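Below are structures written as structure tokens.
One chain, chain A, links the two complexes that follow: it is found with chain B in the first and with chain C in the second.
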Partner chain A sequence: MLSVLIWIPILSAIIIGFLPGKVVPASRVRLVSLTIAGIVLLWNLFILLKFDISNPGMQFREYLPWNETLGLSYQLGVDGLSILMLILNSLLTWIAIYSSDKDTHRPRLFYSLILLISGGVAGAFLAENLLLFFLFYELELIPFYLLISIWGGEKRAYAGIKFLIYTAVSGALILATFLGMVFLTGSTSFAFDAVSTQTLSAGLQFILLVGIILGFGIKIPLVPFHTWLPDAYVEASAPIAILLGGVLAKLGTYGLLRFGMGMFPEAWSVVAPTLAIWGAISAIYGAVIAIAQKDIKRMVAYSSIGHMGYVLLASASSTALALVGAVSQMFSHGLILAILFHLVGIVEAKVGTRELDKLNGLMSPIRGLPLISALLVLSGMASAGIPGLTGFIAEFIVFQGSFSVFPLPTLLCVASSGLTAVYFVILLNRTCFGKLDNLAYYPKVVWAEKIPALVLASLIIFLGIQPNWLVRWSENTTTAMIATIPPIEKTIVSQVALKQ
Partner chain B sequence: MVQTPDKPVTKLPPSQHEFADIIHRLEAGGSMLPDTPENLMQIIGIYKAYAVPMDFYWRDLLYIAEQEFLNPFPFFKYFISQEYLDRHNHYAGDDADLRIWRGEATAHPELLAFMEKGETVKMPKLLHHLLHDRINMEFAEACMRAMLWHRQMYAPVNQFDAYLDSEEYKANADRAIKAYFQGNPVMLGMYKLFPDMFLEQCRQMSYYSNLGLFWEVMAPVFFEMSDIYDEGGFKSVPDAMNFLVNGIFAIAGRPIYHHVYIRGECYEIIPKSKGFTWLYEAALPYVEAVFYRTAPFRGTKSYNAQAGQVPDDQKDFHYGILYADVFPVGTAGIPPTLLMQDMLHFLPQYLVDYYQKYCRGEEDILIQLGITFQRSMYNVTSAVIQALRTALLYPLDDPNPKHLQANREFFEAQLNRFTRTEYNMRNAARLRDIQSQDYR
Partner chain C sequence: MDFANLASQLNAGTILPEGIVIITLMAVLIVDLILGRTSSRWIGYLAIAGLLAAIVALCFKWDAINPIAFSGSFNGDDLSIVFRGIIALSAVVTILMSIRYIEQSGTALAEFIAILLTATLGGMFLSGASELVMIFISLETLSISSYLLTGYTKRDPRSNEAALKYLLIGASSTAVFLYGVSLLYGLSGGQTELGAIANGIAQANVGQSLGLVIALVFVIAGIGFKISAAPFHQWTPDVYEGAPTPVIAFLSVGSKAAGFALAIRLLTTAFPLVAEEWRFVFTALAVLSMILGNVVALAQTSMKRMLAYSSIAQAGFVMIGLIAGTDAGYASMIFYLLVYLFMNLCGFTCVILFSLRTGTDQITEYSGLYQKDPLLTLALSLSLLSLGGIPPLAGFFGKIYLFWAGWQAGLYWLVLLGLVTSVVSIYYYIRVVKMMVVKEPQEMSDVVKNYPEIRWNLPGFRPLQVGLIVTLIATTLAGILSNPLFTLANNSVTHTAILQTAAVVSNQVSVIPAEKPEGL
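Coming up: the complex of A and B.
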């Protein structure tokens, strides 16, 4: 059942890429990939429908022995942590394909790479085996590199290489840690439930956890490792930016939760205070740097860094509520970032610039881009955490869940959420408001271009006023995860007591 | 009468003015608007589209001035009686005083068709009104009020305005007010307590009448121009301008008055015998008030006294159509939108086809026609400037260089209104923009 999510995209990627032009003409490639992505999305919704919320463990498990000597087996499963991420992945893939340019050059390669990524990401979210996860995780690397450096903006070569190197380092760190986990514990298999780090000494656990944090921290990204992000997001074309921000960043936070928190509960409680402060710094840093930007896509890119900081804070807090908040934040961030990148892409395509100093008056009803501007206002508000939209729900759960454990970092994150409002107001003020330049004749936005934004906007509003649909999937799984983690207050207190 | 000379006047050295090209063009009998077939087609088409709502405007303005008068609750002032729709325009039809348009003297058929069906379907007038499927009469009232609030602008020349403050006017108004509220002790008591309140309303009604009489002339002029163009009569923009100039002189002496009808009896608040004439008491104040000045748009300027964006002196107001930024038409706080929407219903097909080809085609037609309207009003203003020059100065083919110099100084003084730097007027003026066909 779950394999469908992985193999339909990957197989069709191969088919689209290699079938002769007679079977699938180049002009039809977009339509064909859109259909495939739609089928995958429907299948994913079907799985969501069948998903048993009361069961905290893995569901729909699949097992195939593969390479027993390596400990590598084809093991899949889905739980409350990954089900939303899977939906996000298939939804954003569909939207990315939909919002791609109708006459993209080299469409075969373009769409097969996107489908390849979609399958790979689904695989990573579904994998129940460390090595299998790593295989799928590395599968993103090259397609994204190609997508950035072939269809990107002016500095695409630089951005592509930077992305490639950073992600490769991240992969290496993760692989090293996974190997360490298995060899040090003497486990015979890479399967999740076979690896138990509880037997290791505290020092070893700590070192391995740091490996996990650094590896996934590059991907999330956390602050000192984030410098690939603005370049990659800005140089990537709109559909690729949607996938990068919406899906790839989630892979990082998902890895952190699944392998960091899930597999090193004791060491996790030791590093948690550091992580909380780190998350808060990331959030503040992202917001402050976004304020200074002159390019709207860069602003949105930095907003992503800021919002990922909340996820880190929530995972560090390790309360049941905070963890639900983390998952919700991942999902809503995916939606919000996708709509923002889509809208920014339209603005750039129609107006021909992303400069804050040149954009003006897009709200103008007749000559401007009124609907796009209105949606931009809506998604800016969602991103800044205005009640009634999904961003607020996620952030509020995160804050509510984290405050009891880490009051100061939580307050810092609240402040950064205020700063988010600051730069989004700057962005909206400079782009949507004001007066159109005379002699500005922007092409009109056709309905087909508005549809992805409308779909995302309605989801953002719906989940904002009916948040139960956002949180119900992960509640039981996260509660079960938290149960294994020693309470953090006690850890801090005992450390302080030890030092005395 | 203005004659376009065969070759440009070369008796004077070239002008050093920054709009020297335009001044040379005016001296050669041209318009501020460049003479291209495209411009001619645009301005004539928009004259037509403007004239149909104008045919409603003037009828309703006179209806309000003469019938509604001081009605404290004028809920139905835009529902004009059949009598006013049938009212014969004095400048059209067989019984015209001075026949300008060869068509019918009653309301224009396109207007009647629109009033019946609007953009939707045939339904009672009240429903059309409530669904806002109607002529935006508020625009006409805004123009009237612009004239009212810019009173005293032509102080020495304009007699009409000064008359509104005279004892004679007050006595006339007093009789009409008392007659109007006869048998209504509340309003009569109010009038006793606050006579100025009613008097000022009465002055406003006189301006309703003034503007109504002004547009009674312009509507047939524009209809006729459209007909002449359709027949192939106009070959160039100066031809169209000269038709306006000739029309201005032909009509200059028509009376401006204010009559009120109460219970079938006519009260002459401003009698025709005062000798107020169309050119000096309606046309020139209108051009000054509406083309040049009006009031700052709520959507573009801040009325904040500390910000100092709006001039202290009304003579520095520069918010008329010659300065207006038409691009935000359709946005909140931009009054000309009302007129643009009115004209939209009556565009001739050739203009619709023309707009389809540019910018966003059908979608931003409101702005494209607004810019066309701006071009056409530059042509009307050119006609006024040429008419003034004919009336006050010398012919364009005058052999005396001193006379030509006087003409040039007059033209330069007129164009200097578009180059003043106070309040950023210079950048607001659209004279430079309309020189290019790319401004659309």
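Coming up: the complex of A and C.
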């Protein structure tokens, strides 16, 4: 059942990529891949329907032996931590394909790479085997590199190679840690449940956990390792940026939760205070740098760094509430970033610039882009954490859950949330408001272009009003995860937190 | 000694695969003498048929009850069979590549194939040789044929220079190797058979003496030359650039596999007493090779030179398995060499194809190739990405197994270095992919703009195409469907007597010096 999510996109990517023009003519490639992404999305929703919320463990498990010598098996499963990420992945894939330019050059390669990524990401979220996870994790490397450096902006070559190297380093770190985890625990298999790090000494656990944090920290990205992000996000075209920010960043936080907290509960509570402060610094840094940007895409890119900082804070505090908040924040950040990048893409396509100094008065009802600006205002608000929208729900749960453990970092994050509002107001003020130049004459935004934004916006509003639909999926799983963290260590955490 | 006893001592059936290769070799030579140039249309296929027959014969020798042949000078155990298979396979693909290449250079194909088969023969015998003289003779057969092959396109000054360089370095390194071997003979009290040498040395009580260490270092100098491990690598870039490309393909896989086969057999059987020492030396070689190979490859502009440094680096990765010295370590080496065969030969086939069509192999000239030749672009991209270790290609599984075996043996720093240098390697492999795939049509190089129409029906192109597609499919699928290959590699190690006893001996060795410190 879960294999469908992986293999339909990957197989159709291969078919689209290799079959000659007669079977799938170049003009139809977009339509075909849109259909495939739609089917996968529907299948994913079907799985969501069947998903048993009360079960905290893995569901719909699949198992096939693969390579005994390496301890690699084809083992899939989904739980509350990954179900939302899967939905996000297939939804954003569909939106990325939908929002891509109708006459993209080299469409065959473009769409097959997107589908390949979609299948690979689904595989990574589903994998129940460390090596299988790593395999799917590394599978993203080359397609994203090509997507950035073929269809990107002006500095795409630089951005592409930078992304490639950072991600490859992250992969190397993660692989080294995985090998270490499995070898040191004496397990012969890389399956999740076969690896239990409880037997290791505290020092070893700490070293391995640091490997995990650094490896996934590059992908999330955490502050000193984030420098690939602005380049990659800005130089990538809008659909690719949606995938990068919406899906790939979640792979990092998911990995941190699953492998960092899930597999090193004891060491996790030792590093948690540092992580909380790190998250807060990330959040503040992202917000402050975003204020200084003159390019709206760059602003959105830095906003992403900030929002990922909240996830880190929530995972560090490891209370049941905070973890639900982390998962919700991952999901809503995916939605909000996708809509922002989509809208920015439309603005760039219609107006021809992303500069804050040149944009003006897009709100103007006749000659401007009124609906797009309105949606931009809405998503800016969602990003800044205005109640009634999903961003607020997620952030509020995060703060509520973290405050009791790490009061100071939480306050810093709240402050950065305020700063987010600052730069979004700057952004909206400079782009949507003001007076339109007399020379401005923008092409019309057709309805088809508005659909993804409208879908995302209605989701954002719906989940903001009806947050139960956002949080119910992960509650049981996260509670079960918290339960593995020993209570003694918990008190140490709070003591450490109090000392600060 | 009656005849039956003699026959069982000789056990000549063990070298049946080599026998087939010899017959093919003679057939190729004689047919060429009788029919002259007209035979060149099918003589390549004759050689391929012979080599494939040899491979089939190898399969029948698998798990032979009595692998020792020629009174102990040749060992046909499963380890040797795997390596002989790798060498024969690499010769098959090399012939597929060379049919057109040699024709185009205006030299005789049959002579080329004859020398190549001789080299194959040398390599195959080297894989099983377990006696000093036998080792040296097969090593020389391999080396001398390689010098001839390197300088085969004799009107090309670069090929001449490469041959001279290879000859001078090769001859001196075999001389050093010979000196080490003669020391072994002396130290062991006149034994030439590898197992007997180990016993002789143990009995003469010169374990870990200075003489043994010198013998070890000299032998490693010879082996390091064959597997192009830094610092014995200096010939590699120049020879790779000057020699005919099919020859390079053979040297990078066949000759290297022979070197590793020699390394495993010689080091584990003859030097169990200094196992710590040779592991240490090889660690140094691996570290140097991984760093130098990967870092210098970044700065190359010629495709063949880039692949030369890449092959130095890949040798460094393979050495991790050798240093680990466990069953998994040896098995991972063998598995990696198997997949290395496919990916490297696929890459070299693409290089040959490109240079046949355009006459150049500069990396920048590849830009914009995807439009003119999608198959070549796809194959070269996949083989290079596989060399870089990108999932789900064969090279990824090969590297994972190497690193996993290394980690299990406690070689943490080596594995970490391997991971880091893998990241570096991705950069220069992807550079070629970028040239071919990412560049826009307007950035196309002049060579690609004038790219000839793709025609596979020209003489000699069909075998190239077959070789390309077979290796491409193997590169793509050998990782995903890796179970049979893993089983093959594992069985070849666990069924091999020398590796199993060596593991026991080297465990005991650690006790010996503690008991007999005066032996030092």
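Basically, the second predicted complex is superposed on the first by the 486 of 500 C-alpha atoms of A that agree within 3 Å, B and C clash if a C-alpha of one lies under 4 Å from a C-alpha of the other, contacts with A are read in each partner's own complex, and residues count from 1 in each chain.
The criterion applied here is as follows: contacts are C-beta pairs under 8 Å (C-beta built on N, C-alpha and C of every residue); 3 or more make two chains touch, one makes a residue touch a chain.
What you see is a predicted model; the values in this text were computed from it and never measured.
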| item | value |
| --- | --- |
| Per-residue touch tally on chain A - higher for chain B or for chain C | C |
| First, second, both or neither for A:Gly203, with chain B first and chain C second | neither |
| Touching partner for A:Leu146 - first (chain B), second (chain C), both, neither | second |
| Which of chain B and chain C A:Leu436 touches, first, second, both or neither | first |
| Which of chain B and chain C A:Lys444 touches, first, second, both or neither | first |
| First, second, both or neither for A:Gly186, with chain B first and chain C second | neither |
| Those residues of chain A which chain B touches in one complex and chain C touches in the other | none |
| Residues of chain C defined as touching chain A within the complex | 328, 331, 385, 390-392, 396-397, 400-401, 403-404, 407-408, 412, 415-416, 419-420, 422-423, 426-427, 430, 433-434, 437-438, 482-483, 486-487, 490 |
| Complex contact set, residues of chain A against chain C | 66-70, 109, 131, 134-136, 138-139, 141-142, 145-146, 149-150, 157, 160-161, 164-165, 168-169, 171-173, 175-176, 179-180, 183 |
| Chain A residues touching chain B - in the complex, by the definition given at the top | 361, 364-367, 435-436, 438-441, 443-444 |
| Residues of chain B touching chain A in the complex | 300, 325, 327-331, 359-360, 363-364, 366-367, 433, 438-439 |
